[in-house]
Structures are given as C-alpha cells and as structure tokens.
Amino acid sequence: MSGQIDEGLRSELQRQGIWVTSMQDLYNWGRRSSIWPLQFGLACCAIEMIATAASRYDLARFGGEIFRPSPRQADLMIVAGTVTKKMAPQIVRLYNQMPDPKYVISMGACAISGGPFKQGYNVLKGIDRYIPVDVYIPGCPPRPEALLHAFMELQRKIDGQKLTGDNRAEHLNPAQPSEFPVPAFGAHDLEPPANPDVFEPPKIERT
Amino acid sequence: MSATIQTFEPAERPPTTMGARLEGELMEVSMGPQHPSTHGVFRMNVALEGEIVRKLKPVFGYLHRNHEKIGENTSYLGSMPYTDRLDYFCSMTNNWAYALSVEKLAGIAVPARAEYLRVILAELTRLQNHASLLGFLLSDMGAWGTPLMYAFREREKILDLFESLSGSRMMCDYMRFGGCRVDAGPDWMERAKKIVDSFPRFLDEFENLILSNEVVIARTQEVGKLSADLAINAGITGPMLRACGVNYDVRKVDGYGFYPRFKFRVPLGEHGDTYDRLMMRALEMRESVGILKQAFEQVPVGPVMNPKVKIRAFRPPAGEAYGRIEAPKGELGFYLISNGGTNPYRYRVRPTSFINLTVLEDLCLGHTVADVMVILGSVDIVMGEVDR
Amino acid sequence: MFLSRRRSSAPDVESLEQIKGGAEAAVPGAKIDIIPNPGPSQQSSLLIDNEHAAAVVKFLHDDPALRLDFCSNATGVDWLDRTVKKTVKVKRVIDGEEKEVDEAHEELVPGYLEAVYHLYSMTHKHGPVVIRMRTVDRAKGARLPSLTPSYRSAEFQEREIFDLYGIRFDGHPDLRRILMWDEFQDYPMRKDYREPDDYEYEPTPHDDVLAKAREHYAPRPYLDGAENITAQPQ
C-alpha cells in the first residue's frame, strides 16, 4: 500500500516511462477528481455556487460539475446558505441518505454560525450542530474563488486519507456513524437543539 | 366583481396523449424542499391523478430567517445590508425600496445625480435578473446548462460593475437614505455604457436561441393561464401581471425617482400564459436598455448624498410610511412605523414573489407535473424574499 | 372623485373624510375613525370597526369612484400595554386652603393587535388607502374578520399574520401556520416573545449576541485578556 513504495525508485521508473502507483493513491485520485456535489441550495450562497459552476468560474475544471439532484448519488453536500430550524431536519435527512464516503462544505457565514441572521428565532446557529463538517468557507456570500479554494482543500483532504491502519479514513472505520439522528420539531425549538455527539461548543477557557 | 376563493374541483380535464383518461385515486407527492428545480427551498404538496395536478398546496418557511424581527431590533441603517439578502438577485432594487420608504418616513430629498445612479443600477439589476430567470426557466424545461451559461456570462459582466462600484458582487448595500454611498467615476460610466451597448446583441442571440424554439413554444403556450381579474384580485404584480394585459407598472403609476423623465414603454401580454410571462421579461430587457441609454446621456454631475441627513443616530419623526417600487419581480414595498426611536417599531417587507405565489395552484390545476416546474419558473420566485 | 388621478399618491385627510362619509352612508351602523399620521409621509389611515369591516371593505372595493381593487400589503402590528403619564389639575385642601395642584397620574392603555392593509386601485391608479382593524386585547384568541373574501392577495398574508402575531381571522378559508412549523406554539413577531436560548457558541460576538453568549461561559478566575469574551466574575 501507499507509503511502501520507495520514492526514488518510483521517480526512476517514471523516467523510464513506467508509471507506478499504489492502490490508495489511485483510489484517492479517482475520488478527488470526480466529486459529485448534491444539487441543493438554500439561500444567497447557492447563487454563488451556481455562478461557480457556470461560465466564468467553471467548477468542471476540478471535476465537480456533476450536480446530482439525488442524495443517493452525491459525494459532497455544499450547505450553501442560511439553515433555518424548519429546514435543519431535512438537511440531516439528506445527509443520512448520502452514501459513504461523504463530505460537507459549510459555505458562508450563515451555515457556519447563523451569520448575520444569528439573532433570528428560526435560524440554526451553524449546521455543525447536527452533522460533521469538513471545510468551512467564511464570507457573506463567499466569492466563487473561495468555493473553488474550499473544493481544493477538500481534494487535499481526500488525497491524504489512508485506506488502512489505525489512522485510516473515517468512513472506513466501522465505529464511525454514517447517519445522525434527525431533530424533531418542538413547541418552541428543535428537539434537541444540538446533537451532543457531534457538537461541542468550543471552550474559550485556556490553561 | 365579487372575488371568490377558488375551490379545488377538478377543472376541465385535458385529454392525455393516450386518448383516454386514466382513472385512479389521487396520489400525494411532496415536491421539495430539496428539489432540483424549485428555485431554492420551496415545497409543494401536490395531489396527482396520474400525471395531472388536481391539488397543489405550497409550503413555505424553509428559509424564514426572521428578517422583520431583526429589522425591528436594529437601527434603520443597520437593516440596509439585510435588504440585500431579501431577493438576492436584485440587491440594488431592494436597497432602493427600503431607502425610498425611509425617505418617505423622514421626508428626505435625494440629489439628482443619486436619482440617476439609482435608475441606472435598478435597470442593470433588471437586466441581470431577467436574463438569469430565462436561463433558469430553460433549465427547468430540460435545456440544462446552455441557456443558463449564456445568461450567467452576461450576469457576470453586470456583477463586475456592481462590484467595482459597491465592493460586493451580490450584496451591494449601496444606497443610503438621501442618496447613494459612493459616486460612480467616469471610467465606471464608460464601462457600463459599453456593457449596455453590447447587451442587445446578447438579447438577439438569446431570443434566437430560445424564444422561437419549437420545444419552448410547445411547453409554454397555453400553459398556466391567468386571467386579469384574478391577477388583480390576488395582488399579482410585475411582469406576471402585465402578461395578463393589465397596464400597471409602479414606475409609471407612482413615478418614483426620476422615472417620469424617461421615455419607455410598458410591454403588455395578452394571454397571461407562461409564454407571455417569458416574453415580458425579454421585452422588458429591451426597454431597460433604452432607459439606461437615456440615463447615461442625462446623468448630471453633483453630489450623491443629501448632506443634511444624519447617518449616526438617525431618528425619523414618529409616523408611518409605505413605499414601493417596481422591482424586477414586481412591486416591492416596505412598511415602516417609527415611534421616534433609532429602531423602527414595525418593519414590514411586502414580498413580491410570496404574493405572486398566491395563484400558483390556480395556474397549475389540470396541468402535468412537468408543467408545474415551468409555471413555477415563470412566476420568478426567490426564496429569500418569499420566506424572508 | 375622491382622489387625484394625476399621480398615485396617498389621499389627504379631507379625501379620507369623504371616503369615511361615503362608507358610513353605504354601510349603516359602520363606525370609521381617521387615524392621523404625524409623519411627513401623509399616509393617514382609516380605523374600521370589526363588525362592519367586511361590508366596508366591499364598498371600498366596488364603489365605482374608489374601486380599490388591489390590496398590496397586509400586515400585523403589536402594540403593547403602555402607561401614559398625565398631569391633571386637582383641587386639594392644603393647610385649610383650597388650591389647584398638578398631580401626576398614570393611565394604563391596554395593548392590542392591529392588522393594516394598504389598498390601491389598479383601475384608477390611485392609492394607497390605509385601513386598519384592531383586536380587543392581546390574548391568545384575538380575532378579526378576514378580508380574504374581498382580496385574494390577503390569503397568504393573513396566514402570516396569524402565524407570527396570533390573530385569528374569521372567514379565512385556510388558516394555518405558514412560515413556522405546525407544532410551534409561540407568536414570534410579538414584542414580548423570547426566543430560545441557543447561543452556546459565537465566534464573533457583539452587542446583544455578546450579552447572550456571555451567559454560557463560566466566569474566569483570573484576567488574561480572554475575560472580554467570557462572563465577568460576580
């Protein structure tokens, strides 16, 4: 597997016209070059997401232009926009329906923390209260370049994932949950207001 | 005319392609909130008989982000950036509607150059909104990609103009009570002129591409017809109203801003069907180009802000005001009540696309599911404004 | 002709008087008050009694000179209970002598919910005529007559008022929550609504959000600069 090929030997062979790779590199190369995002937009950021996929910015250069309408065929969920409490259960459900390995980009201030609408009674203060997030993009809305950067960061993350060993990728770990509980509509708020297994408010205390 | 609530009796059933009607029980389908062509997080509960829509109930609130509550808890100026995020395609017109209402509330005059700049920016907004709408509508019909790419190519040019003027592509936050935030330099005007001059070429190309297309005609003509009486009673505004032949354009009726100084025509439809709604957008873009060309010629030099307006601790006198403009999607209004404090006591947005959706069920009854997407696309909704 | 045809503008108080007179003549028993607007916008409004509201609105809609056929905006307003301080001259006997004394007197004005409609005419191109209706109190079952039978455009907007303010509209064909979910019990646009406390974490706190976020962080035992974003030791 990867890491066991001698780098010197590999480059020597490459010079001779023989391209040697490992299963892991090939697998990750394939995965990172064909990330299919879920065609799913929430608010303003979704328009920038469309602009990223459209003529000028052209997400297809990174292999991510195939937006899938069905979560069953998607690898990546771009949470683009304000997540309201009414919408949050559907987002968790969509995430649960995506097959592993799956990734989440939290696009824009609203999806990170509620953003400018933080004080709203119906606004979820960040999608990471219910599902794990891989890449956060700040901005309101982030420019298409920022989304492209996040996309490249995600590709870098996929490239670095191991297939075996103790620090193998999360989706290969049987103990890692692939689905998360869907919150219910309560009388005053969502129940529970955050999933304690996923979300832990960052501690400001330092020692 | 006594308006009545439409009952959900099956309308006259159109013949299916198989010649005979398929009998069966109604099947309820929930379309959305995650659906590739609902333009955001819109949801409809549809009762289907085969493929024919017999009942349709829109479900709102998936993007209800409490704009009005936040508006009541922030200062008047503090709400300006939030208005950008209402209808996030048209932040300039949202700014204008809000600024106009506050100017009414406080009795503020606006300098001439600022009024011209507002007209220029509002019409540029109309161009990019209508172009993108046509692109989205076509991709709802299955022309996935190409028309949208054309539209977004033009949209990016206009967004570049917005960005160099206001600092942001989409969320411009450009207008202020009593004028505009910064002045547009001569080079900006030159660039804008160039883009506007080349816009009719895009329109020719686009209209050749789509409007005479056989598939588009088959999919849109006689689909989703709306009568003028129902449209008026249901408060439909904008191109959707004018497609029914009702001559009502707030730019002409209210004559807000400097619109009375411009010569332009209001395109009117005849049938009120989806094709007419689509054509309205195409024709309005031509008129907007005309307005822009006049504005570039007339725009005077001068200040862009009324110097008497207090920016900090702005307190309008107690009272209330309702101001409205003709936004690209229809009539956008703001209703403000001031009690003399720094925050509005009541801050209300009259959401165009929300009210335009009132008749969605009437438009869709008797048509197929595939037509629902086309009809919804022609209504031109943006969820940020529908749910606020 | 009640209103100027030249340019759409709000009717002044005189033409509102005419509208009021016309409506009161057309609908026997109707009681209409003119609510003046002190601000520069000149948009005064008509307060219609709830009992005759439907008939008055039908008159406004059908009257050939008015023909207010377009209800542009419908919304709610919440007016809390408030106390008005009044100084009343009271005669008192002080030191055996009768004197006039100013006495501060607090009067409680009970709160109410209000529905405001902005009517325009597409036929004659005039408006807005602003009409309002008021509930008796702010209790949960506050009721008003629905104007949806006259104006279809009020259908979703009245549902929204019901959702956010809790006014029940009699005669509305489909009165359900529209923006919030059905299980939700509060009326969030009311002024005394308290939102759920979910400010456990805030990356960039400021103003009200800072105050709310502070409640979630324990007071710091010593000062190292971070105390600005945590609660102060009591």
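Just so it is clear, A, B and C label the chains in written order, and each chain counts residues from 1 on its own.
The definition used in the following text is that contacts are C-beta pairs under 8 Å (C-beta built on N, C-alpha and C of every residue); 3 or more make two chains touch, one makes a residue touch a chain.
Fair warning: this is a prediction, and the values are worked out from it, not measured in the lab.
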Per the contact rule at the top, check every chain pair and give me the one with the most C-beta pairs in contact.
B-C
Which chain is most central here if centres come from C-alpha coordinates alone?
B
Of all chains, the one whose CA centroid lies most distant from that of subunit A is C
So, in whole Å, the Cα centroid of subunit A is separated from that of subunit B by 32
So how far apart, in whole Å, are subunit A and subunit C when each is placed at the average of its C-alpha atoms?
44
Provide the C-alpha centroid distance between subunit B and subunit C, rounded to the nearest whole angstrom.
27
For subunit C, jot down the residues that touch at least 2 other chains.
179-181, 188, 208
Quick one: which residues in subunit B touch 2 or more of the other chains?
61, 64, 66, 69, 73, 387
Per-residue overlap in subunit A, given as positions that touch at least 2 other chains
86, 119, 121-122
Note: in the complex, subunit B contacts subunit A through residues 33-36, 40-41, 61-67, 69-70, 73, 81-82, 85, 88-89, 148-150, 152-153, 155-156, 169-171, 383-384, 387
Under the stated contact criterion, what part of subunit A meets subunit B in this complex?
39-44, 46-48, 50-51, 54-56, 69, 71, 81-82, 84, 86-87, 90, 94, 110, 116-117, 119-123, 140-141, 143
State the interface residues of subunit A toward subunit C in the complex, per the touch definition above.
85-86, 112-113, 118-119, 121-122, 125-126, 185-189, 193-194, 201-202, 204-206
Which of the residues in subunit B come into contact with subunit C in the complex?
1, 3-5, 60-61, 64, 66, 68-69, 73, 104-107, 230, 232-237, 246, 248, 253-255, 316-322, 324, 331, 333, 335, 337-338, 345-346, 348, 350, 354-355, 357-359, 387
For a test of understanding, state which residues of subunit C touch subunit A in their complex under the given definition.
179-186, 188, 193, 195-196, 198-203, 208-209, 216-218, 220, 224, 226, 229-230
